[in-house]
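Take a look at these structures.
You will see two complexes here that share chain A, one where it goes with chain B and one where it goes with chain C.
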Partner chain A sequence: MALFILRRVGVMALTALCLTFVVFFLTNLAPNLEKLAKTQGNARMSDAEVISWLDRNGYGGPLVVRYGEWLGVVPGWLREDPINGEWRGRCITRGQNPEGAPRYCGLLQGDLGYSTVSAAEVSSIIGGRLQLTGILMFWAFAVMVPSALLVGVLAGMREGSRTDRTLSTLSIATTATPEYVSGVIFIVLLASSQVGLSPLLVEWGWLEGGTLFFGSARSAMDNVTFWNFTLPVMTIALYGMGYIARMTRASMAEVMTAQYIRTARLKGVSFRNIVLKHALRNALIAPFTVIMLQFPWLLTGVVIVETLFNYNGFGWTLVQAASNNDIELLLACSIVAVLVVLVTQLISDIGYVFLNPRIRIS
Partner chain B sequence: MEPLTWSGDLGTFLNPLMGFAVALFVAGFVANFALVLAGQRPGEMVVNADHTLSLQRTPVDFALMAMKYAVLVLVLGVVGYIIGGMVLADPTRSGILGAMAARLTPVWLSLVALFAVSITFKRRLGLYGKLFDSPIGMVGFGLVMFWIFTAAFSGMVATHGPITVISQMRNQLPGSPLPNPTEGQYGWYLLGADNLGRDVFSRVIYGAFEVLKIAPLATVFAFMVGITLGLPAGYYGGRLDTVITFLANLVLAFPVILLFYLLVTPEIVAAGIPNYLSMVLFIFPIIFFVVLFNSRFRTDPPRRNLLVGATVILGGVAYLSLISNPSDPNLPWLFRLWPEMLDLFDIPGNLLIVFVSVVFVNSPTVFRIVRGIVLDIKTRDYVAAGQTRGEGPWYIMLWEILPNARGPLIVDFCLRIGYTTILLGTLGFFGLGVSPESPDWGSTINEGRRLLTVYPHPALPPALALMSLVLGLNLLADGLREESLKD
Partner chain C sequence: MPSTTTPHLATHPAAEMYAREYKAGQLSRREFLVRSTALGLSAAAAYSLIGLKPAIAQRATPAMGGRLRIQQGVLALKDPRTYDWSEHGNVTRGLIEYLVEYNRDGSFSGMLLEGWEANEDATQYTLRVRPGVTWNNGDAFTAEDVAANFTAWCDTTVEGNSMAARMGGLVDADSGQARDGGIVVVDDLTVQINLPTPDITLVPGMADYPAAIMHRDLIGTNPLDHGVGTGAYRMVDYQVGISARMERNPDHTYWGEAYLDEITFIDLGTDPAAWFAAAEAGEFDMTYQTVGEFVDLFSAVGWERSDVTTGATVCVRPNQLNAPYDNVEVRRAILEAVDLSVVLELGMNGQGTVGENHHVCPIHPEYAELPAQVVDKAAALARLQAAGHGDANFTLVSLDDGLTRFTCDAVAAQMRDAGMTVTREVLPGSTFWNDWLNFPFSATEWNHRELGVQILNLAYRSGVAWNETAFSNAEFDQLLDEANGIQDADARREVMARLQQIMQEDAVTIVPYWRSLFRHYRPGVVNADMHPKFEINVHHLGLSA
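Take a look at the complex of A and B:
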């Protein structure tokens, strides 16, 4: 077991290394750097000026060396400004004496770098944003997982029945509704002052002006309430729900055809007891993996929902960083995203082994 | 001119009918639910002493019957709108719904013809015919074909051009008349106008064409790549498998949205990354077909040479025209080598990049599915028999394993077209789509969402269109899976 985990962690590290290098490579392509130089420096720079600007700001060396600097395995760059003799470098603030400053400052030292667009340390930006997204994710999971499991178990316990067919079709319908469609429909139905439910409620006098739910989750960043957080949470939860429900249904239906269920039935155990005591626990092993693997899927959903509802969390940051080519912020975002994917994969593998005693790793 | 109403003259009769059907359905559903909770069961068949059967109806049965007839009445109401719209032919009398139904006449006719022919000959049509035994599959197939026909007849169905702008019409509500229509111009914006004054209805119709132009083709390419890599990985196993699986997992671990943002920015296009990617990805179909023909006709050299030669020449010219664009001086030199006169077609940079990134994101998943199926099938006896007969590995993979893997692959193909449609919509939603003016559904939703709470009508139709297409594909896949499992 220990060897298995060790090997998985090794592969994980290798994957993370490859992926960050790809992101690093793509964000540091020549046209991207030129754009960076022109936005940071002067929009009308000549080609030679661009090259010298890049060189002065530490973007001049070979790609691999710069990647090493970012990782923290190569000493950070250090240059003396030829004009005023000021020292500039990756690890020092402007004008600081290079002596006494650390030589290495990269990912391994815990330094994620500096965001060129918002002029702040990347780690301070990412931390707060991740917390906001964490809240969103928590509520989305809290809604999604129990309801999906319930739907799946109800559908799977009598395969082929009318309940099964209705619930299965419903879960197909939710998987066919991506976040940007369900979000739009929710906003139109529940958060528009012109159409949908809100004008009706106002007319009946059940609502004091305004709309039932908020179409923007901006206020939820300070204070989460039912009215400003329901729509984003529902939008995320709905898309993932159908998939988990279908997996649970398949697993439940399979368990219900097993020999021991038939034996229990023949012994005269009531249907309720069969489902609750005999089938349920075994049927929930497979969905566990699926639920863990939903995390990376949710990442895309989070990006869409945060953009649609104006909630400045991690997904919103990623979009901003990518569209502004904010290299170090984008790299940090990709590190977080890749880590989420890989760690959930690892947990789902290990958890599966623990939950299912039939699987042995030699 | 007066603005159109939603239901026109038809509404006076059909609206109460449909309202009644909905009320009946809800009542039936609630009654059914309550009765089942109260311990009532549907009636069961009883065998009498004289060997006759009798069915006892319980209240639950009546509730279910009410629901069934309510659905029938509702469907009749919808059909009434469609036929009424086609018969009345005058938008002022048939309303917006009727007018839309009338515009879609060629689609309805094709659908009826297709279903009539298919159901008549369903016993002779293999798996496709069996689809018509499953109601879910039929509904899904109907939805998918509706959008395919709409895309095919988009020029006839749409009332205005996809980018025709009438600036007085900005943000006008559905059914608004044009300010001063010229002769032969359709006099209304059936579903209103977006914030630039373009007709929402026509854009949704042309959007169907845009989406269906890319999604199925991209899925085909993803399948070619996935199959060409998945077959040997699963069959040979070993180090080859380890390397390809690692690469596939690498792509899968990438958050899709980040990948899109990295691939679909102008700077990356300028660096030629999509061209390099397309260079790698589009070679796979050629490899696939060459190996396919070579393994099959190895023992018949003249025929083999003809087929392989034709594939290499035709595929090669298409491939080189596709990836290179000698007239674009910004591209790396590699893509400008191919002579201009042999360059059959140029794909606009944006379209190419959207296409390539969608293929790139989808192919690792297809690879995993194919590999899994091959790992299962290669232990079968007929594969061992083929190996004993001395058949080559590629013959076994392509002509013995692949045909036997078709069931799950066809089902996944349908699902994946839906997923690709969602991905394309995501790209459009983030403004990374084909072009800002493109009428594809994702971009239209993106434009409409800015004023969503005030003017919901530009964003809602494309959203519902996208949902219905993907739902249709998912239901179709479900029906196919059900029917293919039956035998």
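Take a look at the complex of A and C:
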């Protein structure tokens, strides 16, 4: 088991290395660097000025060397300004004397670098943003998983029944509706004082002005309430819910046809007990993997939902970093994404062993 | 109220001349106020010259205390001299303040200056520093601070320092620094500015958003790095792209009056639909600016509307360094094909007045009326074909923001009507602003300036920092120098007429309309009225008692 985990961590490190190199390569293409120079310096810089700006700010050397600096295996760049003798470098703050400053400052030293778009250290940004996304994900899972399992089990226990057909149709509909469609539909129906449900409720006197739910989750960053968080949570949860419910249904339907279930029925066990005591545990093995797989899916989901509802979490940060070519912030985002994917897969694999005794690791 | 100037000059010869022009109907009240207060008259004295009572005293007094949330972009801060957005100025206005404030009615009043006087031909200004002002680090605010800031504003070697263009003749063209003897500290509370040629734009320049006054030892720094200022507030939290929160500084005795305890700027991106959703969700109390159809929407949900007519516009401009726009016939053909009244209707919902393809607005004092522009789509196409560019594909790039987007759509549609091939490209803010000066054909929002010559100096003089049309014309530059020194509106108008003509003849840019600007705020917010230059003066804001 220890060897298995160790090997998984090794794979994870290798994946992170490859992915960050690809991201580093793409963000350091010449036009992207020029864009960066023009946002950070001056929008009207000439080509020569762009090159000199890039050189002065440590974007000048060979790509592999700079990637090494970011990793922390190559000493950070250091340059003395020829005009005023001021030192500039990766590891020092502007004007600081390079003596006494660390020579290496990269990922291995725990330094994630500087975000140009936020004008702050990456490490000071990414933590808070991840926390916000964590809250959103927690509520999305809290809604999605129990309801999906319930729907899946109800649909799967009597395959082909009216309940099954209805719930299956609903599941397919929600999972076939992407977040950017369902989010907009929710806003129009529930979060506008001009159209949809809210003006009707106001007319009937059930609501005192305003809207039923909020179409912007900005206030949820400080204080999560039912009214400001329902729409973003539902937008994410509905999409995954249909999928998990379909998987649970298939698994449940299969278990219900197994020999031991028939035996239990013949012995006169009540249907309720068969479902709860005999079928449920075995039916949940397959959905468990699917649920863990939903974490990486949710990462893409939050990009859309956080942008749509103006919730400044990890997904929103990723969009901002990508559109502004914020190199070091993007790299940090990539590492986080790799970690989330591989850690959830690791948990899924290990958990599977405990749920299904037939599976052995190594 | 502390922000209104006590009368220093009862009168001024030039101001009396303006008063005569006003009475003869040659100057509007607004123009009269702009020019006479720029000479050092208090608003009250200026009003009295034309026999009116001042309107400025109408600003209400809000209750003390309270919190206000303002929807506005929160941009990365930098050296104030290099600010390039009104938002920069707004977000730091509670911390670092200005010498002079430009009021909604077009007059100027003293902030860190108690008053100022200009000599008869406006070549010498005497600035009288407000006594009793301290920095929040305990230092006294003196004439040395003012002089140091003027010197720094004149430094053309600082990349992106747009104050140098506003200082005009005070900058020595050879050294690129302040002229010797141009800035004289007379005593602790008096600074004298000596200009080689008359300049009437000095005071408006001191009121503009990059002119925030920094501590004499901290010039060139980002105010966030040290938080030293004269203002009543201090920055508690600043997250670019998200929000900025400031609170009343408990360790500082503010010289004036500030009402709110806490002000938060909330960045909701560039999509007005997101602002509206957030407004309905009760996430802020006041917009920075409300645009297009959202003006009616915000009013419909019960928010108070405030508007102001300005010289603000959207210039749809070709860049002359790029082919085929280096050919004047091509540019003329484009201008000839576009009916500006249609652009006003489609781009702005008709919320403004039609422009004339030159950047001087009828509310500017020196505006000269020119013959109406001719729109002839057939002639436009013929002209384009004669220039050999009949099959050119024009790519018109714009920001995805509503106003510039719809305006460009309207312009593109008009060009297509005339038989030209136009591709529209709509970019999100994050991509657009990286390259906005260099798109061959694009649109930019321009804010209101107090005098017509100011914007010409900033945007159309050869080689200046914000000349995005790459327009370069020796005759234009020379005439502009001339106009900058003419005090008399009528005399300047003669030069101005030619300047406006040159802009039309050279087909520099499409100036489709003059905008009315709108802002909305929740009922109960006081002194949040729209400002012609988008200013949010946090020291006036408050909540009703």
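Note that in this section the second predicted complex is superposed on the first by the 361 of 362 C-alpha atoms of A that agree within 3 Å, B and C clash if a C-alpha of one lies under 4 Å from a C-alpha of the other, contacts with A are read in each partner's own complex, and residues count from 1 in each chain.
We adopt the following convention: a contact is a pair of C-beta atoms (placed from the backbone, for glycine too) under 8 Å apart; a residue touches a chain by one contact, two chains touch by 3 or more.
This is a predicted model, so every value here is computed, not measured.
J.: Per the contact definition in the header, classify A:G215: touching chain B only (first), chain C only (second), both, or neither.
T.: Both: A:G215 reaches chain B and chain C.
J.: After lining up the shared chain so the two structures overlap, which partner does A:A119 touch, if you call chain B first and chain C second: first, second, both or neither?
T.: second
J.: A:K35 contacts which: chain B (first), chain C (second), both, neither?
T.: A:K35: touches chain B and chain C.
J.: Using the touch criterion from the header, give the chain among chain B and chain C with more contacted residues in chain A.
T.: Counting contacted residues of chain A, the larger count belongs to B.
J.: With the two complexes superposed on chain A, say which partner A:R8 touches: chain B (first), chain C (second), both, or neither.
T.: neither
J.: Would you check which partner chain A:R265 touches, where first means chain B only, second means chain C only, and both and neither mean what they say?
T.: neither
J.: For A:N228 in the superposed arrangement: first (chain B), second (chain C), both or neither?
T.: second
J.: Tell me which partner A:S323 touches in the superposition: chain B (first), chain C (second), both or neither.
T.: Both partners.
J.: Is A:Q194 in contact with chain B, with chain C, with both, or with neither (first, second, both, neither)?
T.: A:Q194 sits against chain B and chain C alike.
J.: Could you tell me if A:N310 is touching chain B, chain C, both of them or neither one (first, second, both, neither)?
T.: Touch status of A:N310: second partner only.
J.: Using the superposition on chain A as set up above, list the residues of chain A that contact both chain B and chain C.
T.: 35, 187, 191-194, 211, 215, 323
J.: In their shared complex, at which residues does chain C touch chain A?
T.: Per the stated touch rule, the residues are 76-77, 159-160, 239-242, 266, 268-269, 274, 277-278, 280-283, 297, 300-302, 428, 430-431, 433-438, 465.
J.: Under the touch definition given earlier, write down the residues of chain B that touch chain A in their complex.
T.: These residues of chain B touch chain A: 136, 246, 249-250, 253-258, 261-263, 265-268, 270-271, 273, 418, 422, 425-426, 429-430, 442, 445, 448-449, 452-456, 459-460, 463-464, 466-467, 470-471, 473-475, 478.
J.: In the complex formed with chain C, which residues of chain A make contact?
T.: Within the complex, chain A contacts chain C at residues 35, 38-39, 41-44, 117-120, 187, 191-194, 209-211, 214-216, 218-219, 228, 310, 312, 320, 323-324.
J.: Applying the document's contact rule, which stretches of chain A touch chain B when the two form their complex?
T.: Going through chain A, the ones touching chain B are 11, 14-15, 18-19, 22-23, 26-27, 29-32, 35, 168-169, 172-173, 175-178, 180-181, 184-185, 187-188, 191-196, 211, 215, 296, 299-300, 303-304, 307-308, 315, 318-319, 322-323, 325, 330, 333-334, 337-338, 341-342, 345.
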